[in-house]
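Below you'll find the structures, each written out as structure tokens.
One chain, subunit A, links the two complexes that follow: it is found with subunit B in the first and with subunit C in the second.
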Partner chain A sequence: MTATRTPKTLAELTTGSPPDPEQWDLRLYVAGKTPKSVAAIANLQRLCDEHLAGKYTIEIVDLIAHPHLAKGDEIVAIPTLIRKLPEPIRRVIGDLSNIERALVGLQIRARE
Partner chain B sequence: MATEPLYSTKQSPLPKAPTGIAGLDEITDGGLPQGRPTLVAGSAGCGKTLLAMEFLVRGATQFGEPGVFLAFEETADELTQNVRSLGFDLDELVAQKKLLLDHVRVERTEIEETGEYDLDGLFIRLGHAIDSIGAKRVVLDTIEVLFGGLSNANILRAELRRLFRWLKDKGVTAIITGERGDGAITRHGLEEYVSDCVIVLDHRVSEQLSTRRIRVVKYRGTTHGTNEYPFLIDEDGISVLPITSLVLRHEASTERISTGITGLDEMLGGEGVYRGTSIMISGTAGTGKTSVAAYFVDAACRRGERALYMSFEESPSQLMRNMRSIGLDLAPWVKKGLLHFHSSRPSAYGLEMHLATIHKLAKTVRPHVLVVDPITTFLAAGSSLEAQGMLTRLIDFLKVEEITAVFTSLTHGGAAIEATDSSASSLIDTWLLVRDLEARGERNRGVYVLKSRGMAHSNKIREFLLTPHGIELLEVEMGPEGPLVGSMRSNNRRASRRRSKGRGARQ
Partner chain C sequence: MSGKTVRPGARAAVDERLRRENEELRERLEQAEATLRALAAGDADAVLVAESEQERVYTLATPDLPYRLAVEQLPHPAATLTHEGTIIYANQRFADQLGAVQSELTGKPLVQLVSPASRAVFERLVADCGSGAEDDAQADITLQGDAGRPIAVRLGASMLREGALGSCLVVRDLTLERHYHELRRTQEALRASEEELREADRKKDEFLAMLAHELRNPLLPMRNAVELLGAKGPLAPEQEWARGVVDRQIRLMARLLDDLLDVARIARHTLELRTERVALATVLEAALETSRPLIDAEQHELTIAMPETPIYLQADPLRLTQVFGNLLNNAAKYTERGGRIDILVEQDGADAVVSIKDTGIGISAEMLPQIFEMFTQARQAIDRSQGGLGIGLSLVKGLTGLHGGSIEARSAGPGRGSEFIVRLPVAP
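Presenting the complex of A and B:
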């Protein structure tokens, strides 16, 4: 697992979620190749390409292969997407088919 | 696996996992359904988490079954701290890989739902925990927290159904705790999914005394006690009170033991009472009930047996001083360790706590004879129904343990003595009544045997004298106006002596 990055600038610390951070680290938890997992991976890929082009990394964790990783990020529901960076950590569950809610959940777009 | 059970595991076709919790295995006839989930429901603070934890701890320590505790409300540290006061060292068990504590944090504010999902994360997490220590027992406390964390109730319900099925397939014995709901067993209807065994815990306050109660609402495929049973949480964990046998099957002894009073033994078929029976001594104030009980204890100690004296009115030293005035010195027996006193105020705590104290003392002292003096003030600590239930349980327990019990009972003047104690009557094997015989400005004591099961006993009233040398029972002489007691007896003797002298002089 990647270590969480500490905020570098005062601006990052005070605003919590900078409007346009340099780097988005996302981690998607799935369990095997279920339709939900496949859909979630595809939806995430599309979301990132459309909204975070060039400044994101995606890590996909298959809990079937690494069950001990479920505890670290408090995973209950599958699929769960964790926004590691920018801080603070955010989480979104479901197959991301509702793009609008996913964008709000990840704070790429403000809640209306 | 369980040692010396009061129940028979052979009768039940359903395999059971003993909880090791005192009393719970008796009312469930052997424990929880093995390899199936059990629902434990109750309102806040009634001991659900504790019961579940004790189930795991006892499983790990007594039955060689490791356990996983999946906590949704408390962290592992909090849990460890909370149960430390009950003598459970969770750190030790965790280190030995007999126990695994896992806290699942669910907070709604952090979660956005974006489409279809399931609870595979939880399944995998639990499965991993179970496999890592080879767990046979699992606790989910309280899974209803998920309803607060996830908004899609349809998905959640489907997933819970799948979870409980999955637990069954895993073959683990599980406890699922649930919050008590209005008009339903649990707030979110968990009872729909966990249908094999449902246990409800309750916490009520009546007349300023709080009592926890447990009830097995449902237990598919097996017999179980359906009553509400009081239970206690103390430094040894939970004890469900009391260990009531559902059937009467104690061994009846044919051995007779002396009451310590020759005249009384004579009235009881000449041999005294049966060992392991219950004896009640009723009477109004000051009729000598305690003295009879003290003689009984003295006789037991003389035989080299242990005795336990529960005194609810007098302190041990006061009691011993008073008994010395009728020629009975109990102090040597205390010194020898044969006689144990326990004095407390009946109002000090509720009936259950008293009962628990008796149980505990009986287990540690292992007395042959137990005196509860008096049982009446003690029973006044609860409602009459509770008191009756408690007395039944106490007597059941004593019979199973083959302890001969002596209860003194204070009856009120005026009311018919027999009627006041009618509720207890059916439970008592030998019942002695000490009563006043008032005549010609004197108050004398008379004793008679109201009933004594399984033996020929005297139907006579005998005069009962407390002398500095002990208790004496005299045959009552009959005069033209009824029984002659006290000074009437001595007057009559003198008169009859004069009469016979007079007759001799004339002839």
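Presenting the complex of A and C:
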């Protein structure tokens, strides 16, 4: 995957400006307190503190409490992390315990 | 080109659309493949399923939740193991007993939690169970809790015949069991010693009865002899004095032995009352008659207050006379010369209440609760010749009880007088 995809949001089309690389909007879908959900929350927090300090927002969505909130993001497996910004959307499934894999998945680090 | 002509611009647009659709499909495929890979790799432990327009989350825990709950409800620590002895699932009690975190136990070889000294026994247990040599095996082993804390347990392992799982392990905490057994043993020992005490008490009562009986036997001929001495004409003054001493002491001894015999009879439930309808006033008069000489000798002032309507009791007049005679004697005995004794009789509902109050030596607070127990007596200011075995009040209480009544002692303390209050049911 590369970042050559056509911009999709209206805002981007109208302004034509590239996404702010200094802003990372992440959304993590979890299922209550399953072991991987709990681990994913902790690992994501650590990952962001270490690699995206000061330029990220995390939104955690518990699908057991709010199952309908998954609609827009086509969630099947949980936990799933969605990178909303910067575009394009990227997803990583799992508890993010493998930090290297998570960093590559989010394209914070280039694939080797 | 064939008959169909396409404008170059339009063609480019179609190409572009196809290219984009192709790109999108490729992306979706990639996403689907990534999801499948993640599921296959076990990266997810929950899935979102759309069921008739509604999403529902299924976690790995969902299908086995009922069984998990059942295992968690077990009153024992329990775990399932693979054939090799690795923990597949351990309940909370199992984790608690070892001081471990439940979720961290899964995947751990149980042998790591067994103390080195017990490992051989444990491995034999797992092997026996795993090989199917024994369906149900048990062994007492020592587990290693947090910080190496030893925990003596009995492991019961049973072979799981279904599927590929190894065995199910149930732990019984021997520490608890040992405490329980110790408690049981102590309880039994207590019960045995209580039984022994009861038996000793019974023997004591038996012995007292026999003793009183045996000691009383020689008194009658002694009294006869003393009387004979008096009948033989006037004696010399010293002889007359000596006869008087022997006579008084024999009477006192006879009375003490009678009391002792009665107390022993009450304790053995062999004392029988001969009850009749009797006026309380009559009983009190008879009691006063026996105590009057002592009261007069000590120059006590005596008052009696009685209600105008006579009170009748269903009682044994002789025994009841004994009760009040004893109380009056005590009042006279334990009050300094020239004291005061007040008798107050009242009716309180279905009870006749007799209070005998003196201005005597009183009873200390620590003595008060045990004053009616046998062999208890006020130690202070007892003239030896007046002292008894301390059975008087015990007898009084026993006789009052036999009449369906009760007795209570009150005193403001040493030197401040005593009050004995007897309650007896009034005859209908």
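Heads up, the rule we're going with is that the second predicted complex is superposed on the first by the 92 of 112 C-alpha atoms of A that agree within 3 Å, B and C clash if a C-alpha of one lies under 4 Å from a C-alpha of the other, contacts with A are read in each partner's own complex, and residues count from 1 in each chain.
Keep this in mind: a residue touches a chain if its C-beta (ideal position, glycine included) is under 8 Å from a C-beta of that chain, and two chains touch if they have at least 3 such contacts.
Just so we're clear, the structure is a prediction, and the values are computed from it rather than from any experiment.
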| item | value |
| --- | --- |
| Three-chain arrangement built on subunit A, subunit B and subunit C clash or fit | clash |
| Which superposed partner A:G94 touches (first subunit B, second subunit C, both, neither) | both |
| First (subunit B), second (subunit C), both or neither touched by A:P67 | both |
| Most subunit A residues touched (candidates subunit B, subunit C) | B |
| Contacts of A:G54 with subunit B and subunit C, given as first, second, both or neither | neither |
| A:K36 touches, of subunit B and subunit C: first, second, both or neither? | both |
| Which superposed partner A:V104 touches (first subunit B, second subunit C, both, neither) | first |
| Stretch in clash, subunit C with subunit B, out of 38-46, 92-100, 146-154 or 254-262 | 38-46 |
| Common interface residues of subunit A - those touching subunit B in one complex and subunit C in the other | 31, 36, 63-64, 67-68, 70-71, 74-80, 91, 93-95 |
| Subunit B to subunit A touching residues, read off their complex | 102, 104-106, 110-122, 124-125, 127-128, 146, 149-150 |
| Of subunit A, residues touching subunit C in the complex | 1, 5-6, 31-32, 34-37, 63-64, 67-68, 70-71, 74-80, 91, 93-95 |
| Complex contact set, residues of subunit A against subunit B | 29, 31, 36, 39-40, 43, 63-64, 67-68, 70-71, 74-80, 90-99, 101-102, 104-105 |
| Subunit A contact footprint on subunit C (complex, rising order) | 20, 23, 27, 30-31, 34-35, 38-39, 41, 43-48, 54-57, 59-61, 103 |
